[in-house]
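Two complexes are shown next, each including chain A; its partner changes from chain B in the first to chain C in the second.
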Partner chain A sequence: MEAVLNVTFFQELLLSTIRMATPILIVALAELYSERAGQVNIGLDGIMAFGALVGFLTSYITGSPYLGILAGAVGGLLINMVYAFCTITLGAEQIVYGMAINIFAPALASFIYKIYFGISSTLAQATLMKVMPIPFLSKIPVLGPVLFNHTIIVYLTYLLVPFTYLFFTKTKPGLNYRAVGEYPKAAESLGINVVRQKYIASMICGALAGIGGAYLTTCYISTYSDGVVSGRGFIALSAVIFGRWMPGGVLLAALLFGFTDALQLRFQVMSSATPYQLLAMIPYLSTLFVLAFLGIKKAGPKANGKPYFREER
Partner chain B sequence: MKEFLRMENMSKKFGEVYANREINLSIMEGEVHTLLGENGAGKSTLMNILTGLYQPTGGSIYLHGKKVKIDSPSKAVKLGIGMVHQHFMLVEALTVFENIILGITKDKSIFIKKDAIKNEILELADRYGLDIEIDKAITEISVGAQQRVEILKALYRGAELLILDEPTAALTDIEVEGLFKIIRKLTAENKSVIFISHKMREVLEISDRITILRTGQTIKTLTKDKTEEAELANLMIGKELVSSEYKKVMKTKENILSLEQVSFNKTSKHNGISEISLNVGKGEILGIAGVDGNGQSQLAQIVTGVIAPDSGNVILNTNKIAKFAPIDFINSNVSHIPEDRNKMGLIGNMSVRENLILKSLNKKRISAGKGLYLKRKAIALYAKEMKEKYDIRCASIDMELRNLSGGNQQKIVLARELEEEPKLLVAVHPTRGLDIGATKYVHDKMIDSRDKGCGILLISADFDEVLKLSDRIAVMFEGQVVGVYSGENPPINEISLAMSGKAK
Partner chain C sequence: MKRKLFALLLTVAMVTGLVGCGTSGSTTPATTEATTGSATETSAETTAAPEKTYKVAMILDSSISDGGWGAACYNAMVAAAEESGFETQYTDGLATADFATSIRSYCDLGIDLIFAPGNQYTDAVKEVAADYPNVYFALLNGTVETDNIVSILPDATQIGYMAGALAGLMSKTNAIGFIGGMELDTTKAKLANYEAAAKVINPNIQVFSAYAGSFSDSAKGKEIADSMVTMNDVDVMFGDASAVDSGAREALANYENRYDIGQPADLVALQDSTVLIGSVVTDNATMIKLCMEDVKNGTYGNKTVYGNLENGSLSAQYLEIVEQIKAGTFIK
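Up next, the complex of A and B:
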């Protein structure tokens, strides 16, 4: 046991944390963009599953994981338009339609997979995206490989955090965007197109969540199987609450979950006597605990989850 | 004077119901034009059309004589029409500055050029005497200040016509004075103002012309100099309104409610009360005057059992209250007209019938086995009886409550709270948001109950209402009772001073 607790171990652990946190972070940011416009979308898990399949298929057929990521974004965006149309245009309950996506999208993904590959016991393999070490920076001892030896998706995802922060706090479109989630009627009275903004938010959410799903099958593991998402969408959802609807907070939350996930995988390797199901519960349990202790105070956008009708009396 | 805006034959239908029917309205440059009408007369609908929130079913709008189509709020903003809504359209999570610049694309930059825009705003504020604290969060500033932010917001967007919807409803007398000064500055610069209110005194003070709306139609446009209060009131409700003067009761009988040194959240000036001692006699109305948010809500909640005081005694009908729970107060026949009927008084998604029986579910008449089985027919019968008796105007007793007008909703509260002939009635802002007709109805009913021996604690931010109804008047300021006065020939100046914390 002592032998493994050396520098390499921690380096590996941190590297793995960054990698594991990436899909959660990107999907949590997806949700952040959605909720800032008042659209609670609990269908993240479903969108991810669909993105995972579309990404994998594209990568498998074309041989390019980059196209896979792109396809994942388009797929996620399209599937989320079902949710957007029902909740924005028709004013339906957001939770119900988010749940509908969670049921419908993975089933559709599974269906498409079986049509394409038939029912066989061997899993189709696609090429994984290659890491792109950043010159010089990746040569820094210990931290270099941890932070600067990843796929481009990882870099972009982490860069999205400061970008999102700047967008919402320093720019006019960001301010208008937030107003829609806080008080849509006021926003409308100031000439902001609330419906359009909500659609844009849902498109961003769908695309990012789709990328999050595609990341799993193009950068993380090279196959698609049902349940590949395994609740990451819900963890991302809680990361938004834990992160207090701020990009920095969301980053912290994603890193925490990434860390516990990376840790439990190492525990699995180290103590084969412990049933792995118990250890696999750690990230989910930590989510539960964090939410129980920190998720009490509601601090999200005021009009979050409420349907908006312009001519409501 | 030139005409700024004209609306011709404006109509708006919601389903089969006309909210506006062929309304004509003309606004001159530099005038204050008042829209007068009861709730549901169509004022808000008309203004929502003008600001592009609603699309009219028919009619046309002319701006400087040219026909325009206002198909979105941004179009209205572009045409120079700004509105300060009764419920402010301010985003609480943002600062004053951010609220003012929301949705604006004056300069092309994506980023907010804070300093430059700020100077521009402050200059504008200075010009019209709008005193604002630009970097504070909306939640940190007073209602009056929020209103100034709203006005500035409209002006910053280049408003030539400013619509003020019930702007004085939440203001103190001093703040109203300030608002009127601002309005006069606006009209001096040839800007037009549409003023919506049903407070006659104010309407006659500030308006140049007055247009009266009733049941969605234009009744008449009058110039201020050629009219008077009584004429306006009669035109507004469509019949002669006999304004009643209520007799005051002077003899102090035994007390139904006594408070001895009662405190709650003592350190808070706005959300607590500090060592209050008060008595309410049987068959007497004790009015609490004071600017909203000086502990009145907490007082009302203590004497209805919603919250328990930190210290002091509450004596109800000679019994000292040990446990504070609403059910015990209800069982001791205490009735409550809560301050916000939509939050505490009624359930919007339930029917009229259901709302009427909420408090009496255990009664034999309503149910068998203490609420285990509801007697449908008996309830329907009872609801219909109440509908007649309290003149609740609704299509059916199974209608969802939220579709009723404010006045009719309040009548349901009255029916439920007064039908059992309470010993004590706690009425908080009983006529807030109601029109003249409904207000008179509520007042008559309260006086009726008083004459039957019910003690009434009336809490109202409407000073005129307190003066009119109270047999005795207590003034609250920053959680304390700063004076108790007789309701007959009350010393109005002295009370006003006490309300602003300047009592001797």
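Up next, the complex of A and C:
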């Protein structure tokens, strides 16, 4: 009896880990694509909030969460173009404009929500995306339900990790892409259009972060409320540094965060005598701990965060 | 002209957005109302007029459409304001750091009464109230009494008892759960009394609790409820965490025979939910109305408006039905 209980415990814990890690992973990958082209974007939280709203509204109006995800991507992309224009074309400070997005986008999202629903206190609910169990694989005990019984967005997110790895290490466009983040001058002299590459990077980042936000309101919970993102964008930002700007590392970071968060919730339920603030720290403490051990000696792209001026010497 | 007004509106909206640096939500709706409403008149004019239009404003950390606490408090304020002839404004989605700034800006806008619906606003209200002796503050779940702060205190013991007794009666698995938003005094009291009441009904019952650390992270509420059901076979839950509770209800809806008890409005009547079996209803509207009357009469301050079963400010729908049966008006 106890063994069975333990198996379900671990199964649920891992399932919870996957669920909680997915939005962080999507958004961390978004940041990875951005920073690999030298664009530090700390506006992820804001883009997510906007994606969450657009995704929710679309899914609410059309009844299709798939369209919601798509709309979230488009919304995120558009919002991020503000950041892209200011930092790439105008060469402005990236941190400042990332922060601007963090302030502007959630406010805009909340504004649109209120315009659409009016000043109303009714809880609007949209349809949630259905899970798509993979035949046969989802029947494997323990691992089946944990890994192969999710929405399609979850599968695609995890598939994006090896894809990103192969893209950045094995393909020519991927290496060109990275060159822009490492040494844009050299890249430009070899015929790579640095400005275009940076714009593409920002588009990918915006779209993925928007999907990350829309995931929350179309796959996770069926309602939208201000603050639904709850700082997940910033956690994703740290996951990129933690993962040393490589997709595998980012995956590990997101999973570690998801796992410790799922674990601390269960610890809270198990021992209500322990102050919950202490347990709620676990995900952040473990992140700090691992960062301290790994160090950040091998830092990210060399030209990360630096504005690029074509004419400057 | 319209276009100019719109441009002005947007500018004001953006400026407030920037001033509230780090605000996760928006300050826009309130500003919109203020600009389009009568706030464009100077305050001197309003006070000079014989019939003054009183104004009440509410601040909120979650959202007024959270399907729980925030929605109920907003509705209560609007209902009370309608009866007392107040104009209403609100700002929601505020971060803790912005509570005081938001209250302060309402004070500067010439608001008469500020409604802070929760214990978590205590410090901000105290801080600002000291600087604005002519503005009145109503603090829900508060314990402060000054010349311009009145606390509205629904009885957390009775709320906990009512929810706990119902949970104890309903639970078939002998396990019930509780989700808190933050460890506020009232939340702790509700949890303790919820547990005590359930144990009186059913001594074998186990109570599991967790805090989301937020009032708006509905996804976390869903995770907590999920883990309580799968790990501990919890079948009745009660919560004190606004939008987080809505997330918990979503998780419970995925299982069979799992129920939730809502608060502080009659959520059973308001929501199309399969898991809500009852609501502990706090009649915030009546209590806010008492404050509004005090503002009008100039007798505001130095008191606490208590809400309990005795004075009718607390109730549960099944109690009302019992009363109706007693009176012979239930089914005629």
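Here are some notes:
Heads up, the rule we're going with is that the second predicted complex is superposed on the first by the 276 of 313 C-alpha atoms of A that agree within 3 Å, B and C clash if a C-alpha of one lies under 4 Å from a C-alpha of the other, contacts with A are read in each partner's own complex, and residues count from 1 in each chain.
In the analysis below, a residue touches a chain if its C-beta (ideal position, glycine included) is under 8 Å from a C-beta of that chain, and two chains touch if they have at least 3 such contacts.
On a predicted model such as this, the values are computed, not experimentally measured, just so you know.
In this overlay on chain A, chain B fits alongside chain C without clashing.
Shared-chain residue A:123: touches chain C; no touch with chain B.
Contacts of A:223 after superposition on the shared chain: chain C is touched, whereas chain B is not.
With the two structures brought together on chain A, the opening angle seen from the C-alpha centre of chain A toward chain B and chain C is 130°, to the nearest 10. In the superposed model, A:64 lies in contact with neither chain B nor chain C. Legend: residue contacts after superposition of the two complexes on their common chain; A:272 is shown touching chain C, with no touch to chain B. Considering which of chain B and chain C touches more of chain A, the answer is C.
In the superposition on chain A, contact is made by A:106 with chain C only, not with chain B.
In the superposed model, A:185 lies in contact with chain B only, and not with chain C.
The minimum CA-CA separation between chain B and chain C in the overlaid arrangement is 29 Å, rounded to the whole angstrom. By the touch criterion given at the top, residues 170-173, 175-176, 178-179, 182-183, 185-193, 301-302, 310-311, 313 of chain A touch chain B in their complex. In the complex of the two chains, the chain A residues touching chain C come out as 8-9, 12, 16, 19-20, 49, 102-104, 106-111, 113-114, 117, 119-124, 216, 220-223, 225-230, 262, 265-266, 268-269, 272, 275-277, 280. Across the complex, chain C meets chain A through its residues 13-14, 17-18, 20-29, 61-67, 70-72, 74-75, 92-93, 177, 180, 183, 207-211, 213-220, 222-224, 226-228, 230-232, 243, 246-247, 250, 270-271.
Residue ranges on chain B touching chain A, taken from their complex, read 14, 51, 53-55, 72-74, 77-78, 83, 85, 89-94, 98, 101-105, 109-112, 153, 157.
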